[in-house]
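In the part that follows, the structures are each spelled out as structure tokens.
In the two complexes that follow, chain A is the common piece, with chain B as its partner first and chain C second.
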Partner chain A sequence: MAKYTVKRLLLLIPTLLLVCVIVFALLRMVPGSAVDQIMYKYSTAGITVTKEEVAARLGMDKPWFEQFGIWVNGLLHGNMGTSLFQAESVGAIIKRQLPVTLELGVLTLILTNLISIPLGLYCAARQDAISDQTIRVISVILMSVPVFWIGTLVLIYPAKWWNYAPATMYTPFLRDPIANLKMFIVPSILGAMTQAGAQIRMVRTMTLEVMRQDYIRTAWSKGVKEKRILFRHAFRNALIPVITIIGGSIAGLVGGSVILENMFNLPGIGQQMVNALSNRDYPLVQGCVLVFSIFVMVVNLIVDLTYKVIDPRVEID
Partner chain B sequence: MSEPILEVRHLKTYFFRDDAVMRASDDLSYTVHKGECVAIVGESGSGKSVSALSVLRLIPYPPGLVMDGEILFHGQDLLKMSDEEMQELRGSKISMIFQEPSTALNPVMTIGNQICESLMIHRGLKKKEAMKEAVELLRKVNIPNPEQRVKQYPFEFSGGMQQRAMIAMAMSCDPEILIADEPTTALDVTVQAQVLEQLNKLRAESDTALIIITHNLGVVARYADSVKVMYGGKIVEEGNPYDIFENPHHPYTIGLINAVPRLDLPRSHGLHTIEGEPPDMSLIPVNCCAFAHRCRYATAECRENRPPLEKVNEGHYCACFHMDETQAEREALV
Partner chain C sequence: MAKSEMKKKPSFLHELFKTKKIAALGLCLLIFFLLVAVFADVIAPVKAVDGQIPTSVLEKLQPPSLKHPFGTDSVGRDLLSYMIYGCRTSVILGIVCTLLSTIVSLIIGVASAVIGGWFDLIVQRFVDAWQCVPGMLIMLIMMSILGNGLIQLIIVISIPAGIGGSRMVRSAAIAVKDSGYAKMSTMLGGGQLWKMIQHVTPNILPMIIMNLAGSLGGVIMMEASMNFLGFGVSVNTPSWGAMLSGQGRSNMYVAPWLAMVPGIAIAIMVFASAMLGDGVRDILDPRLKGGVGSYSGSKLKKIVEQKKQDLNMI
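For the complex of A and B:
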């Protein structure tokens, strides 16, 4: 397994190089460039500059392959460049804001599973009972309610009724965990609710599928109690497809948190990236995409390794 | 004969499909005595497995449901027991071996853990003691290197070893009754004999009653003390192996025995088959002989009345209105 892990990590290098090429090319295919943006900003401030001057200052007068070379060379030296609009290095921005997004993502993930796994198992055990039907209806509702709508309700009504609003000042976790969690708990519950809807149904379906298997009948014939059958015999077998879903959703959590970060005033990377994109802040977008790609690939690796841990039959390599 | 430990009386297990009712076991009665080996034979879909699963109350509902009848274990009706009492009984007093060992074992649990489970539940052993016992059990069923094998997963075992591990699991609490549902059907012919020998040896050692469900008449001839021939959810003939093989009375039993290739008869004897198809049990009327539409002796009586089990000899019963005719014909042949 260690050998496999190393192999997969080494495979990251060519993949990342490919990601670099693609993101660099795609960004430059988008109409409008950073030069236009900057010229527009100058002109509204009443300063006239020529296009060539701006391009020369940004280093964008050089041919594209040279620009690409400079960027990749910087990456190899651990330098992701400087933001075109903020007087800060891309590295510093990501380092400051990525942890916020990651924390929101991880909390959402934990809550999603805390909600969906017990409820999914419960539904499977009580298939077609009223409790099962109710939970299934609720999960469909959770799946279909947009997060911005419920987020707005959560921001407005508690404030109106009980004068309660979620904290809006960001405190790093290490400085004050309680204050930090106070801020994160509401958005992560909201994020978890939308995720959990689909996942409850997934866990339920998979567990039901497993409960029909012969080895479950064997377990009954040994006199094993229902709870143990569910947790020891059925759940582990149902976990493999569930893990795949969880792996997929982690990638989505990182990208899809823009709305929540915005509503709850969390200084995450999601918002930063949207702004950078509309400004054509090339180095910042490139840096963010690169870091996200690494994250997604590492998550995929972890998911693959988890398969092996859960199911001894899985052959990796 | 020793005391009866299991009496199944008028058992009716029905399966409900969309609009049809399948009477998988229809007014089935039989008795199992202490230490006895009872064989239930019949073709696929004759209700053999259902009758066995009903005893442990493992019929999946929906679609299956035990409608009526009694299953007396030491005089106590299993069908009236609470789920908790039933759980106590399963695996400790009555245990079961299934047809396909590769799917009947949990793929993500080690063999050792799976054997330990019953020991921990029913004999209250601690994990460590249970594991030691599991090693001994595997040794008993002739699995080499049991110390290493307990830590392995089912997929690392061959089919025969998986089935022997199943046997070890089922026998772990010295049950009074062991139900083996086609224990060798999924196995290689060479392994079948080993597994059966193993089963029989353990049974003899612990004085466990064995209900063996099979369509292999060779198995029956060799191990059974008593044979029940099932057709269409009912027992059509029962008796000891001698009665069934040498003196069969029911046309279905006769057909079944003729369908077995025999080395001791001349080739010109040929291989016989039973005409027609196994019945769709939802279509057979309640009051008729289930075999009537495939039977060349069948008369109007057979289609309107259900033949009761009638005594042929001591311990030999047959449910057929035309026993005399089948007998006359057999005697003429001999």
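For the complex of A and C:
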């Protein structure tokens, strides 16, 4: 197990390097456009700058491999560069805003599983019954409804009918946990609803697949109670694919958090990134994307390592 | 499995309408949206001029009425007409992006599987890394570099989706590549390109087509999300997502219909393609056939019957 963990951690390094290449290439390979955009930004603010000045400030006057080397070298020394429009290092900005995104992500993940695992199991146990059909239709509706639309409605109607609006002033958790949760609860429920729609169906399918195995039939025939079959025999075996799905949904969760943070004015990395993009603040964008990617990579690693814990039969090499 | 072989195999559409009612409804809805998109110029009550709905300052923010069934927005555009032309945008994006991303996955996946070796290793490492970067972020960055517009949005949605989907194509292609006829082709002197086009691609095509309808919903949702964040089609192109995020949100207290109508439209379209995708997969995927579900209660009886039929087949 320890050997496998170390191996996986080492494998993260080339992947991380490739992620750096992708992020870097995305922003720089399109010739000149970042420089042009920044010049445009300055000229609308009434400041005249030459193309060379901007390029020099971005470090873009050097050949691309040298730029890449400088950036990666900085990363290795824990320096992600400096924001172009905020007088702060990218690292400091991200450090300040990471807790917000993490809290939203973790809350959404917990809520998603609290909704989807019991409902999915219930659907599998009562396959094709009315209750199963109803839950399945509801889950597809949840999947189809755009999260930003529900979000808009949540902002309109409660305000209109009961003069209630979700809090939009951020309070750190440690200062006032209640006010903090009040602010996070609505966006995380919304995020969880969309995720749960897909996940209920997955949990159902996976459990059903396990329910067709011979050992379940054996359990039935020796008279084991339904509850015990469902939880001890079926669900534990269905957990592996379910965990894979949870891991796979993390990337989608990040995308959703970008929308939710923008909508509910949560000062997280997602909101920061969209602002940085419209400001053409590319060092900041690079930093945000890198942090998100590392997050996804780490979650995937944890998911892979959990397999062994859940199912001792899983062979890891 | 035995049942469908014994009877004459019903045609695909017949099976869809007979056994998968919701999927059939999805198909009908998608055809409806397609017709609306094709005949937008005919059915829209207010015709677009140069792709834009005429504005009318006197009629701004009208609630739904007989003249304007969905009301008007803050520059007096008829929302129904806007929605009809917006449907065209969604349909074009949906179709083109789904096809383009499939082609991208096919090229990457098949080439990676057939060529194999170092090429496969490098490409797969790249795909791994690509999938670690959340798709939404890649799309936002690409959009901010390319600028807003329909063609840009098509590229930005298709390429990341294509790279992501290449995984599945690759694993399917590897299974085909090692089959007898593909090996025989190499022995007879067939080149790798020939093998890719003649043997591997046609054999994994059913699996790909099976997934087309399902991914359509994803594309529509992506388009709406990108427009919502302000990185979508250009301002002049009617788009459901843009209406919802722009006019819908800024006038949400005075004119809630501006947010309601596009939101419901997006939901219906995504719902329709998700349901159709599910139904198509259920019918075409052999792995999902023949199962009778859990072994509980009355279902055991069914299994016994099935087993009897299987024995009869032999």
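Note that in this section the second predicted complex is superposed on the first by the 302 of 317 C-alpha atoms of A that agree within 3 Å, B and C clash if a C-alpha of one lies under 4 Å from a C-alpha of the other, contacts with A are read in each partner's own complex, and residues count from 1 in each chain.
Just so it is clear, a residue touches a chain if its C-beta (ideal position, glycine included) is under 8 Å from a C-beta of that chain, and two chains touch if they have at least 3 such contacts.
The structure displayed is predicted, hence computed values, not measured ones.
Residue contacts after overlaying the shared chain place A:302 against neither chain B nor chain C. Legend: residue contacts after superposition of the two complexes on their common chain; A:217 is shown touching both chain B and chain C. Comparing chain B with chain C, the partner in contact with more residues of chain A is C.
In the superposition on chain A, A:124 makes contact with chain C only, while chain B stays out of contact range.
Of the two partner chains placed by superposition, only chain C is touched by A:145; chain B is not.
In the superposed model, A:289 lies in contact with chain C only, and not with chain B.
Of the two partner chains placed by the overlay, neither chain B nor chain C lies in contact with A:114. In the overlay built on the shared chain, the residue A:18 is in contact with chain C alone; chain B does not reach it.
In the superposed pair of complexes, A:273 makes contact with chain C only, with no contact to chain B. Comparing the two interfaces of chain A, the one with chain B and the one with chain C have residues 212, 217, 220 in common.
The residues of chain C lying in touch with chain A in their complex are 22, 125-126, 128-138, 140-142, 144-146, 217, 221, 224-225, 228-231, 241, 244-245, 248-249, 252-253, 256, 259-260, 262-263, 266-268, 270-271, 274-275, 278, 291-296, 300.
Residues 14-16, 18-19, 21-23, 26-27, 30, 33-34, 124-125, 127-128, 137, 140-141, 143-146, 148-150, 152-153, 155-157, 159-160, 208, 211-212, 216-217, 220, 226, 251-252, 254-255, 258-259, 262, 273-274, 277-278, 280, 285, 288-289, 292-293, 296-297, 300 of chain A are the ones that touch chain C when the two sit in their complex. Residue ranges of chain A in contact with chain B, taken from their complex: 212-215, 217-225, 232-233, 236-237, 310-313. Taken together, the chain B residues at the contact with chain A in this complex read 56, 58, 60, 87-92, 95-96, 98, 100, 103-109, 117-118, 121-122, 153, 155, 166, 169.
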